[in-house]
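Order of writing sets the chain letters: A, B, C and D. Residues in each chain are counted from 1.
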Amino acid sequence: MSLEPQELDDLTSKIGRKPTSTELQIVAAEWSEHCSYKSSKKHLKMLPMKGRLVISEKGYDSGVLDVGDGYVITAHIESHNHPSAVEPYGGAATGVGGVIRDILSAGTRPIAIFDGLRFGDIEKDLQARWLFKNAVTGIADYGNCLGIPTIGGEVEFDECYSNYALVDVAAIGFGKKKNLIKNHAKKGNIVVLLGGSTGRDGIGGSQFASDSLESENRSAVQIPDPFIEKLIIEAILEARDQHLINAMKDLGGGGLSCAVSETADALSIGIEMDVDKVHTRESDMSPEEIMVSESQERMLIVTTDEKLKKLQIICKKFRIACSVIGHVTTNNMMHVKKGKKTCANLPTDVVANAKLLDRPSKKPAYLETIEQEKKLKPVSDYSKMMLKFLASPNIASKIWVYGQYDHEVGIRTVVKPGKDASVLRLDNGKFLSAKIDGNPKHCYINPREGAIGCFEEACRNVVCTGAKPIGMLDHLQFGNPENPEIFWTFLESLKGLTDFAKYFEIPCVGGKVSLYNETPSGPIKPTPLIGILGLIEKTPISSQIISPGDSLMIIGDTKDEMGGSEYFEYIHKFIGGKCPVVNFKESKSNMNIVLELVKNELLKAAHDCSKGGLAVAISELCMTHKIGCKVSLDKVPGPKLDVDRVLFSESHSRYLLVFEKKNLKKLEDILKKDKISYSVLGKFGGENILFSKSSKPIIDLRVDKAQKTWFNSLRELVVHG
Amino acid sequence: MTTFDVHVIIENKPGISDPEGETILHDLVLKGNHSAVSKIKTAKMLKFTIKEKDKKSAKITVQKICDELRIYNPMVSKVTIDVFDA
Amino acid sequence: MTTFDVHVIIENKPGISDPEGETILHDLVLKGNHSAVSKIKTAKMLKFTIKEKDKKSAKITVQKICDELRIYNPMVSKVTIDVFDA
Amino acid sequence: MKVGVVVFPGSNCDRDMYHVLTDVFKFNAEYFWHEKGLPKNIDAVILPGGFSYGDRLRSGAIAAHSPIIADVRKMAEKGIPILGVCNGFQILVEAGLLPGALLKNTSLNFMCGWTNLIVENNKTPFTNKLKLNQKIPIPIANGEGRYYVDNETLKKLKKNNQIVFRYSEIVNGSTDRIAGVCNESGNVVGMMPHPERAAESAINPIDNKPSSLIFESLLDTIGVTN
């Protein structure tokens, strides 16, 4: 680990002397892109962070939202891309562990996990398959052991992730507002390190995350220990209930260096600590190694001498180690000693605040021509094509994944994975709905509109459960920011998200930036990921059986927006065209109308239309409810389009609604008053999914056959190749 | 061609922690008062039955299979391969 | 007292199926065209580091630990114990 | 009537079980940490699910040696109703309080999803309000849930009416589709599926009644004496 020459000069001039070797390591960890956000921080400020429900506290790693009646939810998102690309099992598992500790830091109990997974083409690429399989097992083994349900996520395959992996994890916490840890510290308080022992694993991890992936520096392997993490959670919550915690921070990237400097900086205090007091796994670790080790499952706590005894009793009960490693001072210095010897003594604001950069940006050259379409080979048999499409890894059901995750533990999961967003019941009678979404294929073609599309898609998913979006998490994943073209795509995505967040008044409650996502064959496609939290005041849309005779309606226009569609890319192997664009006004009225219809209990089911377009979304409804449907494509609202475009365009702001025929009039009254573009497309019943145009059948599939293919193909591919 | 039993032992590399071994040691064996034991390390074993011309080629083939099919991840684990007459 | 490495191999008794071994054989090894392999069986291994006066008593102690603490479930598994100089 | 919920390091369905016992069925329940003893005035004991000791060595293998197990054993001998759910079942088996073994699922994966149970014995304290052959929609969530017994034991189980639940179809390769068993006297019951996850209409809107009857059976058994 090392600093850039100008950073070294900067550090030297700020402290007025040559830094010691320990100081160099500490600063290198903290000033890495991963910990300091030096490329992005200036720009992230544009996102709206405040809102009616947002509670901000100093030193929190997670966002906090007030959900009423004295309760709060917390949320955070993280990625563990580099580690997962070399050790998918451990990398993905420790990713879960890390984000859970962020939730815990605020003093809330983690109640849900989400995972977003991206790999290369698993149909052709054995390495991608191996990464995928092991990352899923890693997440399952960790989350399941903790007893925190993994209730949703997404999985996507794209050649741009070959030999690489994006593993994103988000977590949600829940608790009483009065139990939130109000981080504070004063002179004489003591600093305690609690949890697993500090070892050599993960040394240099944050630096590693900020380099592009090359085999020489594949050194940061972390071994997950979910059992210890579970004990830490219970111990911390017990300590919280006994008011033993003055301030708390989890140890993540940059290890003790970051946790100590950031805690001191956030609370305007100094911390003096002794590396000899840290419980280590190996006896011969140097002060540098102890300070930057990224061993998992550790928490830093500021408490008082009087409270320490009780804290130690709790730790003993849960058989976890806890060491007093230092105390709070008032001189705003981070003073690291080894016994009597000083190894580092630095102003905390210098350590915690790297010099922010203003990186140059430039519109990528490829974008000049990307929207041009080429002539595609016509599809001769749409039924056959559709079956193949339903079996394709990006479209196929993800049950092989979420079926390995305990998504019921905690008995809050009212709407379970497999539909749009999942829904949890809260202790105050309300419900929380959440989903994460990304779409690198759209973002590659148009980083701004693509990012907005992810935002809207995540909103649509929670809206389909009857929830109003109340907060957003963003995770911005790009290649090397030193490349102006890549940095431009980062800025465009960020601006798009900001515009949408402001228009919809959805505050950003947390986020993460992950840069340098590159392999020897190049950067990944821009991959912003959006998590949406939605609140349901009364009842979520209940799981109802769709019966023969029920009607299917679509809301929103289907437009000629095929760029980045699964149809272009999977069926025609073509990357290009215009990607879908969200019309903010239309988007808002459609969202509001669906919420109103759910609230008036006029719907049996609502489903959003996204990847794979109308054809896939309607099939999903049929397959999950095991019922056929007759759909007339002539009635699809929007401009006149060729049949394949109507079927597979991925235009946003569209919802499929299922309702009892007798409610049509009531529905129309509401829809008309808001000038919503809608149409009744068809009727459920029978054993076939049937799409027709001008009375001519276009797609005709048996539901059971389609369902079997869609349900099993991912597992077949992963397990049996 | 002769049949051989090939034992493949997969374990975490030295220096990489083994939480399972530690739990078995501390929460089971030491609590059971068996203080003569100072360490427990867990490993996974695969026993292959294979037809090859000699011991040496049996070992080479199995090593190749393990590497090629990613039966273990060389980043975290090491393998030891022993060949026995069946 | 001398330090010994004691390897405990826990595996399913004959007759009890080993789906993991079968999966590795069929979905990985045979698909990868390594038809010389005819069988794969998985086992779990625990490596004890123990101080005892000699090999024999090291083996006896570890066997006792395994029985007493049910390191293996006798209904389904059997253990094999090998002692090595550390 | 007091129900003890035993908590081991790594238990993670203890709070769910407690919630259902107290908030839904109005039992008087209390948590017992595995290092504690159980008081004499306990009327029933439940070992909840989770990952005691991180499932290391084998699910339930380490927790079976916890101090509290000695008391659970005594209570079992006294005929007090004892229920082990999921990891609790695994612990009872590892402690020798129930026969058999729980092996890795044939899929080799953790499996979470809904299945149906068939009631095979409605004479236990946890099933006496259910009908024979009644169907119970219920979730499973386990990695080592494949119940195994050898032929001889299986014969004995059948003869003594010790098979309490079967899966309605093959889910994980269990011997004879067994999902839950009891001891010879019938007061100790173990089951892999999670009744506490299916007993409320919010979670199981279609049919929460059968799972509720498992708790109501217990209410009936121990409620009467009080």
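Basically, contacts are C-beta pairs under 8 Å (C-beta built on N, C-alpha and C of every residue); 3 or more make two chains touch, one makes a residue touch a chain.
Just so we're clear, the structure is a prediction, and the values are computed from it rather than from any experiment.
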Quickly list, by label, the chains bordering both chain A and chain D.
-> B, C
Inter-chain centre distance, chain B versus chain D - centres from mean C-alpha coordinates, in Å | 35
Between chain C and chain D, centroid-to-centroid distance (C-alpha), Å = 30
If you average the CA atoms of chain B and of chain C, how far apart do the two points sit, in angstrom?
-> 9
Check: chain A positions touching at least 2 other chains come out as 225, 227, 319
Specify, in ascending order, the residues of chain B that touch 2 or more different other chains.
-> 19, 23-24, 27-28, 32
Interface hub residues of chain D, defined as touching at least two other chains | 9, 53-54, 56-57, 61, 65
In graph terms, nodes being chains and edges touches, is this line, ring, star, complete or other?
-> complete
Which bits of chain D are touching chain C when the two form their complex?
-> 57-58, 61, 64-65, 94, 100-101, 103-104, 106, 108, 148-150, 153, 173
How about chain B: which of its residues touch chain A in the complex?
-> 12, 15-19, 23, 26-27, 70, 73, 75-76
What residues on chain C touch chain A, complex-wise?
-> 23, 27, 31
Sort out for me which residues of chain B touch chain C in the complex.
-> 3, 9, 11, 21, 24, 28-29, 32, 34, 36-52, 61, 65, 68-69, 71
Touch list for chain A against partner chain D, complex | 137, 140-141, 144-147, 225-227, 230-231, 317-319, 402-411, 413-414, 425, 542-543
